[in-house]
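Handing you a structure now.
Every chain is named by a letter (A, B, C and D) in the order it is written, and numbering of its residues begins at 1.
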């Protein structure tokens, strides 16, 4: 390590909202420590770097690469592969890289429908000839090239091997800082790194453990949208019919949302050992519905169940809001694809 | 690469499997293709369940150091115990043996040999993937409470109670009616011996009533059953008799003095009367009378109290303030001997019961023949005076009939023969008796001899189902008579037989509340409504719920000897359990991984057996292994995956699923990426 | 293969140990024939069925999933099939959003005495799924190894 | 409530009383009948025995006409039992066997017609009155209850028999007409042969057999002291009414029981004029019986105290 000077840090922003970069800055003055310890080798968001610089680095030159954002197009994938080649430790930083996050929800539709909505059927669009972006365009000056738009969004670990994952949308600053300290300790004082492939910067139990609201036996008659009801701030929101993904989501964020009266949306992803967060939440919600009691006749039960489930708007979008690209089914099958 | 050493054994089952599944090919295939899944030996053998077959496994375990065994043969419900025992004998934990049902689910139900063989391979792959993840388990040992609960004190219940009590163990005998004895107490004679029913039943009733080990709870019903085999907690409601049992001597003066006479439609089957304070029949056990609050003048209008006034006992045993009592008893096993209900003959309007006066049901006629019955044993028409000159007995009323009950009620033929004999005996030998039957079913000991005797007495037997019983006379000699319109299939003609009296041999139906009672005790009812036995041929007195046994007509129509036998059989099973002192239960249980539980309490409503309890202090849920029945609903409900279940954990099921998905239905690996 | 064989759907069946598994046994004992496209997994109760099993089956190569259990009111564990029914209804609603045709995932109550009826229902479902054609869930193919191999999606030129 | 109406051949002429009374009570019952025009005879009982194919084609022609002219729901009301049975059975057979339906439709094609099985739901008039209108609605319309009139409800053997979807009462022991008569205030005589056959066309084929069967019915009704026999089928009305004097001659009996359609009695109870209800067309005049209709309801027979030895009778469900 010493011959090459300070450890090299890289952070790339693939298909995401940039919130993760801001979260890194949110570690307050510790950013100075980071600057002191690390040489920034590649961080396009905060300084001017060129891809060819990275290509110039020898393999493994970058000590720590924080890769945030999902793989939406061919450029994201190429950069992922390039950074993997150039980095010793590759971290899937934030929900997008980990499991597709909000961009991943576009897996419920198709590439054609997406392009159609963006370029053709849109109030602010004036595109009479219906031109769609082409990967190659022969301009007089030469052929122009833009990345190919993928039909399915993929998470980072579906294109390259990932060493660690920091969940969260965005990951909590204090979690980021603890991870950075661990990496620094490992790089400088040779402390051992956490086991490969593990999730770091999070708890190992569901959000409910960190949530201070009072929990009781749950029997839900119907669900409400957040705007429909003012929740009792002392009692578990789920029991009041507000959708809360807390039970099926990894803790670590300190139950930020439920404590302020907003149901957890599940951004820290599933618990360790759970392959599909959405399925786990679906079975939990279905199990605690207080309708369809034994002894009633079947038609009556069916009617009641339909009524309650009509109040769960968009189950797929709710249960897989963050983990769509990393779920078992990964995408909806739209006209055969 | 699985580190387990797995042995795969495919059974020919004679030709049952080998005829449709190429067993040799499957064995060879398993050896080659599943080697990297841990299969070290794969054999096929003619009869795996035979001792030789089992030795094959045992030798392989010893010589080849097998750590897992997969047996592809019949259904686990048949031989799972056999192969587990075989593995245990060879030193391998029995729960590391998995059965794959290639007989019931493959060879017997498919027609295409290639596809059947393919499916067998796929299912064996599933079994291999799954068994690799099995863990060694020890059966759960549950102490057995030596007390037993017997519900229903008809002849079956009484027999069961006496047998257990005689072996020195306590029995709680619960009976819904004021007296024990059940339907048998209503009969006059019993076939085929024509013993007087009371004479052979009363001694057993007295024994049951006074046995030191039998706690008789008559006029009581079971309210609730909690717990599990070996440790049931039963709540019993002892209905208020309004008679103080410690003081009452059973003298019966209150019954004489009571001014209120009502039709008794339970014991007297609607043919006789009883007082508002009554004892069902003289030999009732216990001997204490009961006040029927619906008809008692005091309870309805607050006057009278004749029974209290004339009661000679000090202090007065009539106590109008008496309340229902709720008792709680702990028992290890439960025997349900709740008996049957008679088919309601009014449901067949063309037989005229309820419209035509002189049409009687079998129970009404039983009461009529009984010496303590409404006519003191004399056969009379509905006017109670005239003796019939001609009587018709109709078999299969409401049985063997697609409009009512498909099944045969077993006892109606013999009962009808008994009625024919009783009419001849009581109303004189030259009384004409016509029995209308479909098939004469006299299957058991001395039954057919009784049929020959009744034939010899000159009873006419007409083979044909009765179409109609009408009083519309048509031919001369039919005036004022009941005319039986039936087809006599033996002479191929329609016949109109004028008679004075008709007896309908109504069929046996399950108790009207058998579904609720079944639900209360955690057992199910079969298509016909009787309780479902564990196995109709090999295990008729047990049920699928451990510790719950059934006996007598509650399990299906049967005659008295069979009910007694089943009562004794059920008690033998219970005594076997009690002797074991404890019971080894299938170790299929759920358990919470404490460090993964977030205290979200989603699972808290999942358990009808109250096995899930929440610790407020540590904000963590725990499952009581003793109460848990292993259904797994909480395992599937836990959003953190913090609850796992032995034998049916997520990993095991998913492994089996992955194995099943390996092979396509008609050959070739399903998942070769198609060259699109 | 020389002539084009008709499409043979692969259907995974989940049964409960007390009722529907015994119904399958009874179908066997009464030699009631039905197509070999269904492969049954025995659970202790329909309440044990985790929706993730169904998703895993569909994603792993099954063309349909059959869920069976005891009739409401006849559950050996008293009422767990009611919970199974709730999960099934919510799962079906979500699967519609994933573009999975409703006929591919079906729930049938079958008591231990209804072997013949279960066989007939299986036959009916096999034909229904055969008509729908293979599911072939996009993007993921399970292979024999432990890690899923991700089919590199052939990127066609933008529309 | 609107229904399509199939009069069949008898209601035009010899059973015109049935037609007139049906039309008369339709208004109070709130029913509108729309006759299927150009309909033909339904083949009654015999044609089906002679040649099944022709019979089905003949009946299917009516069904096809009804199907085309349907404007108010798919219910086709046939007051006559034979028509009701034939239309209902034919529709059921055509739905059950597509091969038969093709053959029949080929036959209908000759007249440019077609029938799709299952389209027309045949109903009997009694079924419509009892189940669609309902006893309570009828009770409200009763202004002159038939107190004191002892009525024997006679169902005949057809309308309770069909095992198809149009069965609306117990085949062995029907009670809907009994309840209807009680609703009209009459005293109902529960005579046992109420669902036995009246002989049908046996009067033409072998009169002695027919007279024997008619005699049974009359005897049974007389034994139970019925003033009037009410029926729901022109065939039964004709046999019991027209051949009553033949029976008297053959068996030396003196029966004089008027045979009236249930719609005639309903009309009377609704206070409509006898003329409009087709009274006077019957052979055995109904006048002597109608005089018996009192103003006050008859006293309920006092339950006599059971004698000492008498055994109690089981109670029938509705009396419970």
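In this section, a contact is a pair of C-beta atoms (placed from the backbone, for glycine too) under 8 Å apart; a residue touches a chain by one contact, two chains touch by 3 or more.
Worth saying up front: this structure is predicted, and the values here are computed from it rather than measured.
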Comparing A-C with B-D, the one with more C-beta contacts is A-C
Counting in whole Å, what is the centre-to-centre distance of subunit A and subunit C, each centre being its mean C-alpha position? 31
From the mean C-alpha coordinate of subunit C to that of subunit D, what's the distance rounded to whole Å? 54
Could you please state the distance in Å, as a whole number, between where the Cα atoms of subunit A are centred and where those of subunit D are centred? 76
What whole-Å value do you get for the distance between subunit B and subunit D if each is reduced to the mean of its CA atoms? 48
By the touch definition above, subunit D meets two or more other chains at residues none
Would you give the residues of subunit B that are in contact with at least 2 other chains, written as numbers and ranges? 606, 633, 636-637
The positions of subunit C in contact with two or more other chains are 50, 52, 56, 73, 78-79, 83, 87
What chain pairs are in touch here? A-B, A-C, B-C, B-D
Under the stated contact criterion, what part of subunit B meets subunit C in this complex? 75-77, 101, 103-106, 108-112, 115-116, 118-119, 122-123, 126, 515, 519, 522, 524-527, 532, 544-545, 588, 606, 608-609, 629-633, 635-637, 645, 647-648, 650, 653-654, 656-658, 660-662, 664-666, 670-671, 673-674
Subunit A contacts subunit B in the complex at 204-209, 215-219, 246-248, 251, 271-274, 280-281, 283-284, 287-288
Write out the stretch or stretches of subunit B touching subunit D in their complex. 263, 270-273, 346, 348-350, 353-355, 357, 368, 374-375, 380, 382-385, 468, 470-474
Sites on subunit B touched by subunit A in the complex: 595-606, 619, 633, 636-642
Give every residue of subunit A touching subunit C within the complex, in rising order. 74, 108, 111-112, 115, 132-135, 148-152, 154, 158, 275-276, 278-280, 282-283, 285-287, 289, 292-295, 298, 301-302, 305-306, 309, 312, 314-317, 319, 327-334, 337
